[in-house]
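Below: a set of structures, written as structure tokens.
In what comes next, subunit A is part of two complexes: it sits with subunit B in the first one and with subunit C in the second one.
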Partner chain A sequence: MEASVLSLRGLTTVFDLPGGPATAVDGVDLDLQAGETVALVGESGSGKTMAALSCLGLTPPPGRVAGGSILFKGRELAGLAEEEYRRIRGRHLSMIFQEPMTALNPVFTVGEQIAEGLRLHLGLSPREAMERAAGLLAEVGIPNPARRAASYPHELSGGMRQRVIIAMALACGPDAVLADEPTTALDVTIQAEILDLLGRLQDERGMAVLLITHDLGVVAQSARRAAVMYAGRVVERGAVDDLFREPLHPYTRGLLTSLPRLDAPGARLTPIAGAVPDIAALPSGCHFHPRCPHAFARCRAEVPPAFGDARRGARCWLLAPGSAA
Partner chain B sequence: MSLSPHALLARFLPRHGLLLAGAGIVAGMSLLALLAPLLAPYSPTAINAEALLQAPSWAHPLGTDALGRDVLSRMLYGARVSLWVGFVAVGLSVTIGLALGLMAGYAGGLTDEIVMRGVDVILCFPSFFLILAVIAFLEPSLLNIMIVIGLTSWMGVARLVRAETLSLRSRDFVLAARVAGAGPLRILTLHVLPNAAAPVLVSATLGVAGAILVESSLSFLGLGVQPPMPSWGNILMEGKDVLEIAPWLSFFPGLAILLTVLGYNLLGESLRDVLDPRIGR
Partner chain C sequence: MSGASLLELREVSRRYVGREGPLGLRRTAVQAVQGISLGLGAGQTLGLVGESGCGKSTLGRLAVALERPDGGEVRYRGAPLWPDLPSAFRREVQMVFQDPYSSLNPRLSIGRIVREGLDVHGIGDAASRRERVAEVLGLVGLPPGHAARYPHEFSGGQRQRVAIARCLALEPKLIVCDEPVSALDVSIQAQIVNLLRDLQERMGLAYLFISHDLSVVGAICDAVAVMYLGRLMELAPRGQLFKEPLHPYTQTLLSAVPVPDPARARQRIRLAGEPPSPYAPPAGCPFHPRCPRAFAPCPGEFPAWREAAPGRFVSCHLY
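For the complex of A and B:
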């Protein structure tokens, strides 16, 4: 097995709230290899964005990485000094943001914003950086790039802005990109274009992509492997095909049965009862037990370990050897 | 989309009439102050014992004062003092307010707490009496007046900038800049400050009006600009003793203060409306 570009072991991020610490990311293990796309799936509030921000050392206060290791190209990032981190961010490890409306500064042209990282990391002159920025705009499929580089964000459509954000993230040729819901704010047709673009750029550059999404359609379209997060924990991991065909965790099963299917028209959708718990008041044991149709006594009392191996497994007592269910 | 200049004006005028009026007054006053040496018919300090307290005439369009000095000339030079005080004092208060507001808003936590409680404490002092007290101890020179007004008027700007910074720092584009590897100084000057510029500009414009009023009041009380250097405030003060026999000596500087303050306030208020799309027309 190839060495991972990004490898998380037991990543834990805690928010020190006035009422006591709240765990947003709880012991997440994840491996991302060069050139591959891994999906991190979960509902809003499951901790997937916080996991990504933790990798970049950008947890918003009062949040902090409280434990675990973030190994990036063999280097430990957890606990790294801010100055060191600044040299890695954008240059080697980058992020694509969800909201094309808010992730661009309204008072600068898009060219200037793409050029910022190039000037900071590669020491390019303003002129060289602007030329490179126009080149990047062409690469992300924006017509008339030299003129578009002088446009302000409000002059571009949502899809164009998302392309600009991708160009910004890829400007310095990072080894890994954390894409946080890169298509959520877009129309379905534009979504497909952006995913194709991301896939193409990834193939050309051989970079790793962690695709953070709540959309199983996006997962099926783009990723080979996926990890499902619930209330800060990775509850199931595996190849996307296996995950869809034979989900091990009741939560994954719930996500799949709440989607309409083309191969079973007329079948009733089964939503998951209840709502995502508040991280300040998480249920005991397996965090999913109050919503789980199969929950039994042990689920309430003990945290299930990760059954299976690093490639395929789930955190559910149903998988325990000799389980009653 | 090309409109004739006339049509453009017809579209612009009804919406921005107040903006134009304010800008016109401000521009006019600034021009008069700048060109004072060219426009003034006499020296502002030349005493003429043969023309004491003369009513406005062709020789002295705004009359003369108790020492026979030409009021028009003194008013023109007084405009320089007023505008100079306004700009320098506001420049100082905006600089302090920006620095502290950005720092408090971006750093948050204890820094924020200390700076903002400091603002609260300073706001507890009635600022005009604070200025009076300080000026009474220091020499009432033009420089001291500008500095004291600046040092006692930055709190509003600091609060404004802190609030803007708080809302801007959590925006995705600031996070994106951090992901791109930008440090705090770069983020503050490049990403936060330009986005907070509009309200600061409005506040600075209104601040000029306030500073001019304070300077006039100080000069009127004799603690501001010292004679023989003319300022609207001290012309007004000299006029109050002879109000019944030479009302022009009070009327014209009063009118000038009123017009200038009105001009800056109109400009500031309408800039706010133009720059802030949330306020409906």
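For the complex of A and C:
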């Protein structure tokens, strides 16, 4: 097996709330190898975004990385000083944010915003940086890049802004990109173009992409491997083909049966009962047990370990050796 | 979608005028909806799909008389909505909005929110209203005891149930749902879609279901209308629209939806250029600059709305 670019072991992020600590990310293990796309799937509040922010040392207060390891190209990032982080963030490890409206600064031109990272990290002169910025805009498919570099964010459409954000994330040639719902705010036809673009740039540059999304359609079309998160924990991991064909965890199965499908319009959906729990008041044992159709005594009492191995497995007591299922 | 129409739109248009530029001196106009004709029968569900800015929400607002058309007319049970609303319209036609966090008054209890329509329309006395509130909360799957609680105590999915209960209290015939599940997680989305279907079966409701999500529309609608830049491009029964879309825009839209099946590599139709601004829509068919099948007549005039096959309508020079 190839060495991972990014490797999380037991990553735990805690929010110190007035009512007591709340665990947003609970012992997450994840490996991301050069040139591959791994999807991190989950619904709102599953901790997928917080896991990514933790990797970048951007956990918003009162949140903090409380345990585990974040190995990036063999270097431990957990507990790194902010000053050190700044040399890595945006240079070697970068992030694509969801909301193209708020991720850009409205008072600077998009060229200046792309150039900023190039000047800081690569020491380019303002002029070189602006030239490089225009080149990056061309690379992400923006017509008239030299002119567009002088545009302000409000002059661009949502799809164009998302391309600018991708150009910013890629500017310094990072080894890994964490893409947080990069297409969620976009119309489907634009979404398709942005996913194509990400795939093409990844092939050309050989970078690793962690694709954070709630959309199983996007996962199926864009990633080879995926990890499914629920209430802070990775509950299932595997090759995307296996995950869709033979989901191991009842939560993954529930997500798939909840999805309306274009190829079977009108079919009755089978939702998951109940609602996603509040991280400040998580159920005992397996956090999914109150919504799980197969829950039994052990699920309420004990946290299931990750059965299987690092590539395929799930945290579910049904998979325990000797389990009735 | 003929027969006894509950709601009928005839050549409906709506334009918005705003000001732009330095000191707001430049007047700009958006033709949000242009020349749209549609009908919806009792107990049916019509899906209205399109990308952002296509005018689908404006059309929904025209249907519930929150907006007045500046061309054409909207009729309910045969009677025009303007200048005076047909009696019972405000009771029989209800709306569910997209964002369950802003569509419920945070200062009112769930019971008050659901009861408000009964108060406004003067239906029943205090006791029967209380009974009705408990009844409709039950219909949407909320315990009647929740009536005393406030919106902040509920999750997004539960709030959307409250919004639906508020509609049901008035025994509506038609509910206009504007992106009712878009703000919800998939597992909750499916609960609400199933609830809407069950309620329809039980109470014979008609829905005008507005959504950008074609898969969700497919799960609930009998027929689907596709809009692009204020125009209606295609209307067809659900099965036919998904299996064999006629309009190149519908084909493009369907091919762009990511299918949750890794075994199915999709042949996507690639579009040229950016979506045009609604402030300056292209002449002729507004889709022609990006259409893979555009030919001579397309930039010239907007294609007539015609029945290309039984029950299938399209605005495209190809047909």
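The rule we apply is simple: the second predicted complex is superposed on the first by the 320 of 325 C-alpha atoms of A that agree within 3 Å, B and C clash if a C-alpha of one lies under 4 Å from a C-alpha of the other, contacts with A are read in each partner's own complex, and residues count from 1 in each chain.
FYI, a contact is a pair of C-beta atoms (placed from the backbone, for glycine too) under 8 Å apart; a residue touches a chain by one contact, two chains touch by 3 or more.
The structure displayed is predicted, hence computed values, not measured ones.
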Quiz item: Should the pairing of subunit B and subunit C on subunit A count as a clash or a fit in the superposition?
Solution: fit
Exercise. Could you tell me if A:A146 is touching subunit B, subunit C, both of them or neither one (first, second, both, neither)?
Key: neither
Practice problem: With both structures superposed on the shared chain, find the angle between the C-alpha centres of subunit B and subunit C as seen from the C-alpha centre of subunit A, to the nearest 10 degrees. | Solution: 80
Self-check item: Contacts of A:M168 with subunit B and subunit C, given as first, second, both or neither
Solution: first
Quiz item: Touch check for A:A192: first (subunit B), second (subunit C), both, or neither?
Solution: second
Quiz item: Is A:H121 in contact with subunit B, with subunit C, with both, or with neither (first, second, both, neither)?
Solution: first
Practice problem: On the superposed three-chain arrangement, identify whether subunit B or subunit C touches more subunit A residues. | Solution: C
Exercise. Using the touch definition from the top, say if A:V303 reaches subunit B (first), subunit C (second), both or neither.
Key: neither
Practice problem: Would you check which partner chain A:R87 touches, where first means subunit B only, second means subunit C only, and both and neither mean what they say? | Solution: first
Exercise. Examine A:L104 and indicate which partner it touches, taking first as subunit B and second as subunit C; both and neither are also allowed.
Key: first
Practice problem: Determine the nearest approach in Å between the Cα atoms of subunit B and those of subunit C after overlaying the two structures. | Solution: 5
Self-check item: On subunit A, positions contacted by subunit B and by subunit C
Solution: none
Quiz item: Which residues of subunit C touch subunit A in the complex?
Solution: 51-52, 155, 157-158, 185-191, 193-194, 197, 212, 214-216, 218-219, 238-239, 242, 252-254, 256-264, 266, 268, 270-271, 274-275
Quiz item: Given the complex with subunit A, which residues does subunit B contribute to the contact?
Solution: 108-109, 170-173, 175-183, 186, 190-191, 194-195
Quiz item: Across the complex, what residues on subunit A touch subunit C?
Solution: 43-44, 157-160, 187-193, 195, 214-222, 240-241, 244-245, 254-263, 265-273, 275-276
Practice problem: Flag every residue of subunit A that touches subunit B in the complex, lowest number first. | Solution: 56, 58, 60-61, 86-87, 89-91, 94-95, 97-99, 102-108, 113, 116-117, 120-121, 165, 168-169, 171
